[in-house]
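Sharing a structure with you now.
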Amino acid sequence: MNRETLVNALLILGLLAAPFAADAMGEPFYVTLATRIAILALAATGLNIALGLGGLVSFGHAAFFGIGGYAAGILATHAFNAEPLLFGLPGTNQMVSIWLAAVAAAGMAALLIGLISLRTSGVYFIMITLAFAQMIYYFAISWPAYGGEDGLSIYVRNAFPGTNTMRPMSFFLIAAGLLLAGLAFFALLRNSRFGAALQAGRQNEIRLAAVGIAPFRIRLVAFVLSAMMTGVAGALFADLNRFVSPSMLSWHMSGELIVLIILGGVGRLAGPLAGAIVYVLFEFALGGVTEHWQLFLGLVLLCVVLFARGGVVGLLAGRARHG
Amino acid sequence: MAEPVLEIRNLEKSFGALKATDDVSLDLRSGEIHALIGPNGAGKSTLVQQIAGSLKPDSGTILFQGRDVSGLDMAARARLGMGRTFQISSLAGEFSALRNVMLAVQASAGSSFRFFRPVMRDASLIEPAREALSRVGLSDRASVPAAELSHGERRQLEIAIALAQGARAFLLDEPMAGMGPEGSQALTRFLDTLRAQAPVLLIEHDMDAVFALADRISVLVYGRIVATGTVEEIRNDPAVREAYLGEGA
Amino acid sequence: MSLPLFIEQILNGLQFGVMLFLMAAGLTLIFGVMGLINLAHGSLFMVGAFACAAVAAATGSFWLGLAASLAAAAMAGAVIEILVIRRLYERDHLDQVLATFALILIFSEGTRWVFGSFPLYLDIPPLLTGAASLPGGGQYPVYRLAVIAVGIAVALGLYVLIGRTRLGMRIRAGESDREMIGALGVDIGTLYTLVFALGAALAGLAGAMVGALQSVQVGMGEPVLILAFVVIVIGGIGSIKGALLGSILVGLTETLGRFLLPHLFALILPASEAAGMGAALASMLIYILMALILAFRPRGLFAAST
């Protein structure tokens, strides 16, 4: 077992063990904190497909996070009020159906945004993904049907067969299960033919085209897959807070998702998880001391970018290796 | 005579007032090495880029295996069998030499939209890639990241990639550049065997290599082809002597 | 819909566009010369607004506040250029995005720490209160006309600066050939700090002028920053001319869209739905405009040659 595998295993075990300990000690708040970590890590793992493997610096992934959140909020609201949604279809309070809806909606949005923004590269791509996410943000604010600026409450957390999702531990296990599935998907993807083409495109676009693989289609599929995973995380996040608002779509959210990856390690399997652990604990520890914790977050982030590239996983496991 | 593998007709490309490619026509026939020479700034690289599809000509046609490929992009032309090497090596630097070649096998053997099977356990990718590396003599460097290879090894790797693509024609842009005398001789011997697999359009400055290898030579001066012929014909062509030696015709 | 109302909306669009131009000009100049994407440009806008409001409140003079806003934003720009930004020129865009995102967090929380969470208010200077008559019988605030005038003056000033002066010559050289001007003995470090401070001062000026039209608060620069991004993407990154035309285009589209779309929807929908639908679509309009332009010209309307 090489060092990165060991670091990954320890991070995952740590995430799984901590809530059990907290639950045993009767501290459900820490379970919720771990749930938050798992969900943010899943969202950032989605982004890691586009950004880490493909080198696509999407500054608009909050759009997919928020779309997933609104999918959960809207479906749950329609189910709660027993109003049909579209074409007589009802809403639902079943998480599995909601996840599928979140995947479909985020994927569709990513397809449309990707078709336009992937024609460009570099700074243009960054700004255009940011702008499209902002478009959806303003739409959510000014569209009154689902709460507009005030957001939308989910009165009862959505249901998962065979368990009571209102129990913090149950909901944590659901989120952690999805995170593990997401990490497994990322690991498989990275080592597959598709992953090889995607990573080659990040290293040298001309080389990829010169062997006969068109970068655009590879990137578009990666962008859509990436958005789908972030969308599922958004649906979970809405269920965690039992609330969804335009702030999930805001550009700060997009920035945060990138920050998680940088703190943890770009393109590394457990990078987003390590980043989410550091970020949430930092917020929790410092947020208790000063309301201006974001100032210190900014300083830490600045130091990481300027002096400690490679993030937590890079620090613990050394440089990334490709077979 | 069989139809040429690659045929370029009346290609034109201007950058502002500068005519970089001026009514160029040339062909590449199966089994031959066709060298394209010319002084610096003659427009050789511009021409290669248009043939490979990374630069769009203003007008003219490019036929590859009898098919008009003018409207296709670089990736599509590569899939049809244009194997290109670059004047300045262009590789996936973090990937090992082997994975660089495997990428080419993957591209030629089928779909890149396979999401789960690990490539490093896929013998159908690894075997042909190792085969190509061994043909260019890079077997013992297979696991070294491309960015850490020497200049000469990177050149060899590019040719291995073109081989693994199953190229129907090779477009080699100054493969000898910066190689040193011994490396050049070894590469010359290797290129000599390459034409049995597919014809080679060889853009080259090294005249020893060109005269040793070429079946035919075309001379490009200021974007125009001033002469095409056998080595003997080109040696004695007054227009060529003028372009290279400045002799009054 | 009367003619004066329509003229008023067009002037509003122009005023908004001019304000965007002050932001976009700095962004596009910094990108064109140094190849840097600066998310913290919105923070410099905010710094200008706070400096103006604080100094105007202390001295009672808007004009001293305006001078302070220029000085504060230019200083803040020069300081972050020297401390942080110059380490980023050789880095990839991801590092630039993150480091400047970190600067936003620092600026926003720092400002909140110093000034608190409540907004400040800035009064329009007495000289520019009141309204001017429009042709057709309407009235229009003098202050907004003055903002338009300042924007036009800055555009002309930049045109002269870049096209006709020694500094401008060096800036243009910096865009096309960095090594060359270094070899010619121009101190690139100082040139970059100057360009960055100039861009910052323009953002600060915009912030101060807008501060008198709306409240001065933390985060006020961010929506403007994103619209300025849209502007330079539409105009072509690195092009001042593109920034000017893009700003006017975005300013007019945004303002007229908000004004006209609800009226248009009212023709086909009941009034209550028309307002919501019109507002929602209007908020998306400039992004749709951007998507359309990019679909045909992926590098914007006036892309720089590189």
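Going in written order, the chains are labelled A, B and C, and every chain counts its residues from 1.
Here is the rule we go by: a residue touches a chain if its C-beta (ideal position, glycine included) is under 8 Å from a C-beta of that chain, and two chains touch if they have at least 3 such contacts.
For each chain, UniProt lists the protein as follows: A = Inner-membrane translocator; B = Branched-chain amino acid transporter, ATP-binding protein.
Not measured: the values here are computed from a predicted model.
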Number of steps on the shortest touching-chain route linking chain B and chain C: 2
Per-chain Cα centre nearest the global Cα centre, belonging to chain: A
Gap in Å, rounded to a whole number, between the CA centres of chain C and chain B: 49
Separation of mean Cα positions, chain B and chain A (Inner-membrane translocator) [Å, integer]: 44
Cα-centroid distance, chain A (Inner-membrane translocator) relative to chain C, in whole angstrom: 31
Touching residues (chain side chain B, partner chain A (Inner-membrane translocator)) in the complex: 52, 54, 73-76, 78-79, 84, 86, 90-96, 99-100, 102-104, 106-108, 111-120, 122, 125, 143, 145, 161, 165
Partner chain B, residues of chain A (Inner-membrane translocator) touching it in the complex: 188-189, 191-197, 199-200, 203-204, 206-215, 218, 221, 320, 322-323
Complex interface listing, chain A (Inner-membrane translocator) residues touching chain C: 51, 57, 59, 116-117, 119-120, 122-124, 126-128, 130-132, 134-135, 138-139, 141-145, 251, 255, 258-259, 262, 266, 292-295, 297-299, 301-302, 305-306, 309
Parts of chain C lying in touch with chain A (Inner-membrane translocator), wherever the complex brings them together: 31, 37, 84, 87, 93-95, 97-99, 101-106, 108-110, 112-113, 222, 226, 229-230, 232-233, 237, 276, 279-280, 282-284, 287-288, 290-291, 294-295, 298-300
